[in-house]
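For reference, chains read A, B, C and D in written order, and residue numbers begin at 1 within each chain.
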Amino acid sequence: MLGEFSVRTDLALEAKESFEEDDVEIRGVQIEESADEEKEIYTTIVRIVTENGAKAMGKPVGNYITLEAPNMSAEDEDYHREISAVLAGHLRKLMGEEEQTVLVVGLGNREVTPDALGPSVVGNLKITRHIVREYGKASLEGVKKLVSAIVPGVMAQTGMETLEIIKGVVEETKPQIVIVIDALAARSTKRLNRTIQITDTGINPGSGVGNHRNGINQEVLGVPVIAIGVPTVVDAATIVNDSVEQAAETKEKSQSIREKISPHLNTMFVTPKDIDETIKRVSFTISEGLNMALS
Amino acid sequence: MLGEFSVRTDLALEAKESFEEDDVEIRGVQIEESADEEKEIYTTIVRIVTENGAKAMGKPVGNYITLEAPNMSAEDEDYHREISAVLAGHLRKLMGEEEQTVLVVGLGNREVTPDALGPSVVGNLKITRHIVREYGKASLEGVKKLVSAIVPGVMAQTGMETLEIIKGVVEETKPQIVIVIDALAARSTKRLNRTIQITDTGINPGSGVGNHRNGINQEVLGVPVIAIGVPTVVDAATIVNDSVEQAAETKEKSQSIREKISPHLNTMFVTPKDIDETIKRVSFTISEGLNMALS
Amino acid sequence: MLGEFSVRTDLALEAKESFEEDDVEIRGVQIEESADEEKEIYTTIVRIVTENGAKAMGKPVGNYITLEAPNMSAEDEDYHREISAVLAGHLRKLMGEEEQTVLVVGLGNREVTPDALGPSVVGNLKITRHIVREYGKASLEGVKKLVSAIVPGVMAQTGMETLEIIKGVVEETKPQIVIVIDALAARSTKRLNRTIQITDTGINPGSGVGNHRNGINQEVLGVPVIAIGVPTVVDAATIVNDSVEQAAETKEKSQSIREKISPHLNTMFVTPKDIDETIKRVSFTISEGLNMALS
Amino acid sequence: MLGEFSVRTDLALEAKESFEEDDVEIRGVQIEESADEEKEIYTTIVRIVTENGAKAMGKPVGNYITLEAPNMSAEDEDYHREISAVLAGHLRKLMGEEEQTVLVVGLGNREVTPDALGPSVVGNLKITRHIVREYGKASLEGVKKLVSAIVPGVMAQTGMETLEIIKGVVEETKPQIVIVIDALAARSTKRLNRTIQITDTGINPGSGVGNHRNGINQEVLGVPVIAIGVPTVVDAATIVNDSVEQAAETKEKSQSIREKISPHLNTMFVTPKDIDETIKRVSFTISEGLNMALS
């Protein structure tokens, strides 16, 4: 959901990289990398295991899985099926085995193309909760989870915080687990539309340490929350600040130019011109992964 | 919302007419008719004041206002502005004067044209709740009500009953009044897209007497519920049954033919070929009426 | 495209059946039926080979292939893939082997759900003409045809006849073959959304004999025209007339009732309440068939 | 239409400003400014009258009218009506009095929000050509022009150049004038969504001098072409290059950083987060202006 949270939820991988530059090992953080060279899918698992690690990373304790698939925005059905299968595998592990009811939440604004990822994913999901409630389990052969879904919209459309809507629906329908899908902002354009982040910490704006009361997470909703995010934009201010930093001779000059430019940019984002095709493909890949994991 | 409720919510006016044929006055029901011949807007107010009247009409105690505007699906901005103004006047009376927070619910399926009325109306509303909460009342000069809105979708999309979603959101955000917008089924094609029904009884499937626990009404939500409906379809079974009745010599024959035909038709509806233009125009007229009444 | 042509293009299969009732063999018409019981796909090929046959059938000389797939509107990916493959096979035979440029035309109104079939199919096509023109044939490994596509819209949106737009685009871009996709009207609700008709005669309103100058066909466009159609609606007048006919004792009574009812209905159609899901699934099945046949 | 032309069509006003910085008067270019302070609408008319002026400005000979309306993306119906009226006035002057047939072309991609301006404008137009052809002039009281419209889509969707489609439709339907609506790229974010440019030179990619054969203009289409454009994006490369230029001490450093950064950015654009609301409002304002001018 672009722009509703004061500080954007973003990629754990990018937080990790800023440490790597300094070649530091962080206590309380475990990192596990693996590559399927043939399939061209690269996986990084960042496990933040202590509050100390959380402080260092600026993100809550939990698991952060990042799939990098360089050709994810290209048109290749077999490749996309592979990514869906890998995604489904991780989701199954994070969810646990026992029979569950799942609420999938498609965050974002369906009217703004790069922010329409969540609503698009929900549009391709197999929804089963109502069928099973009406006709019984036998009606859906092999269904493992009862799936419900909602597209809450954004504050300008509803006048409500997204969290208010989700809390209300969770309290009323009592799912055992919530999965939120969201478009993210990356720091670099190189990562756009080729990365999927899966985490069991939900969505946590701000520093990620201490108060999580405004997040979409277990603390607030009372049930586990898995978040699936794909970076589809870069904040315009970020992209300009980074290039100014490279260009300016001194920190002072960089600072003064950024102050002059940034105010115009912090309500803007950068996204590729063919974002419509990308959102269509990536959202289909994620919904297929969810359908595999949930049924 | 077409087809979710077992028996369709429909027009009080049509219930009334079936009595008029027999020229009966019903106790506990008051009827008030007025016509603005020049503007071509005809208003019928049916007030059901006793449980007896409710039983006779098959609808709960309350007020049912019907606006008939023969040219409502035509392209005439001035005419539509008149209808919006008349609608706004009735809404103001039903809501009362004191400062209020209002949740508008756009029922129906945005993917099925004649059922997209509710979602379309919400798309043109002035949403103010979040602005006032953030910047204070002064930020919106002359705003009378704080407006929030939701498009809950239909069961096939969400796996949840619409009522579950609305209840959750109402409990979480505590509006003082709820307004639901819905596409209705009429008994006759002659009434399609030229009638607006406004009632303070909410939406009540079934007989309208006794148990109202499955409705979208004050009994269930705990706050007053105003429903605005426009008939956009006729159930296919209705239209066929009516013509068979006219054609068949005997009740038995009529009955036997209806039994043969109806099963194929009760999941189908009849709607005009230019329903896209009609929904666009009528939903704009209703959202303008709401915007007038709420701000 | 619902309602633009004075008499609806419709199913050759239904024309055939009206003869079968009388158990007549028609000269100049060959019929070939086959069933894949396991896959539940039934194929009927009607070949009209003489002008005499054309007159009898009320359709131009040519091939009419009808696939009947009872579960086509159900959610079963494997089944849909089978239908796509069968469709692709027929298309390949109708098109011929040599390298070709193909213009696909998605007829209908994307704003009216049952009429959105054509636009939806085009939305899932692999478009290749511009890539090959820019980067050469080598850029698209294994591409057989250069595919372009257009969604011309309907007259109320464009002010132009669909044929005018198609003629202009064909004359300017010179495709070697045109494929039009259209939503059709069936005579019976039983056939809705489970039948695909493929013909090499294009689209020919009216009796199908004599003057074809208003059709979308080879005579008018100068290149072969294949039409793919799926019945998604029944005209409301048809459904009512049929039931009245069954109910009325005498032809006179039937006639008089039909005259009374029909005028209100000839601008209306009947369609299932879940038409959104059906159009999504069926259009995907057809676009996959096209993608298989064209690349 | 974002990104299809090699060099973006853009604002004559910005070309003018780059001269003003140097306080130069350009021969063959006349500039006329006026302000309606009360209504807050500022008008600049740039008339390029000689080939010399065209060379200096990098744009063809013709009239360029720019309306600046600082609050154009805000929600204020009366203000928008004023802008529509001013736009209609300029259009009437550019078109001439005699009875005309007009083809309106909504350029751009309806699936990418900031590029959906053209398609959105067409969606709100009063289309009259087909009505007048069918029922005669008398059927539309007071109609001045016969209006047809098309949304050609973008090359990735059609496989055809937009110009091919427009040429075909113009040759087939013979309008006397063409009006194209397009989303533009500005050089500065300050100008986004508050500027409307109207020109009688059509759309001319590249330097604007010499060869106009790839443009959408009178030379190519054979009839006058009016273009209405609103800047809705800034190219990402532009925004970064400008800030790097400000920050770098030397031209060499600036050059080297730009070379490093730009390749990633020339397929990206910058746009505001609330672009959905802006497009909705601005497209309505333009279609109202067109409706006023054409009927």
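Miscellaneous remarks
Note that a residue touches a chain if its C-beta (ideal position, glycine included) is under 8 Å from a C-beta of that chain, and two chains touch if they have at least 3 such contacts.
Note that the structure is predicted; figures quoted are calculated from it, not measured.
Chain centres here are means of the Cα atoms, and by that rule the chain farthest away from chain A is C. Averaged C-alpha coordinates put the centre of chain B at 37 Å from the centre of chain C. Once the centre of each chain is set as its mean CA position, chain A and chain C turn out to be 42 Å apart.
Multi-chain contact residues of chain B (touching two or more other chains) are listed as 156.
A ring topology is adopted by the chain contact network, closed into one cycle in which each chain touches exactly two others. Listed in rising order, the residues of chain A touching chain D in the complex are 2-3, 109, 111-113, 156, 189-190, 236, 239-240, 243-244, 246-249, 253-254, 257, 260-261, 264-265, 267-277.
Of all residues in chain C, only 122, 127-131, 146-153, 155-161, 164-165, 167-173 touch chain D in the complex they form.
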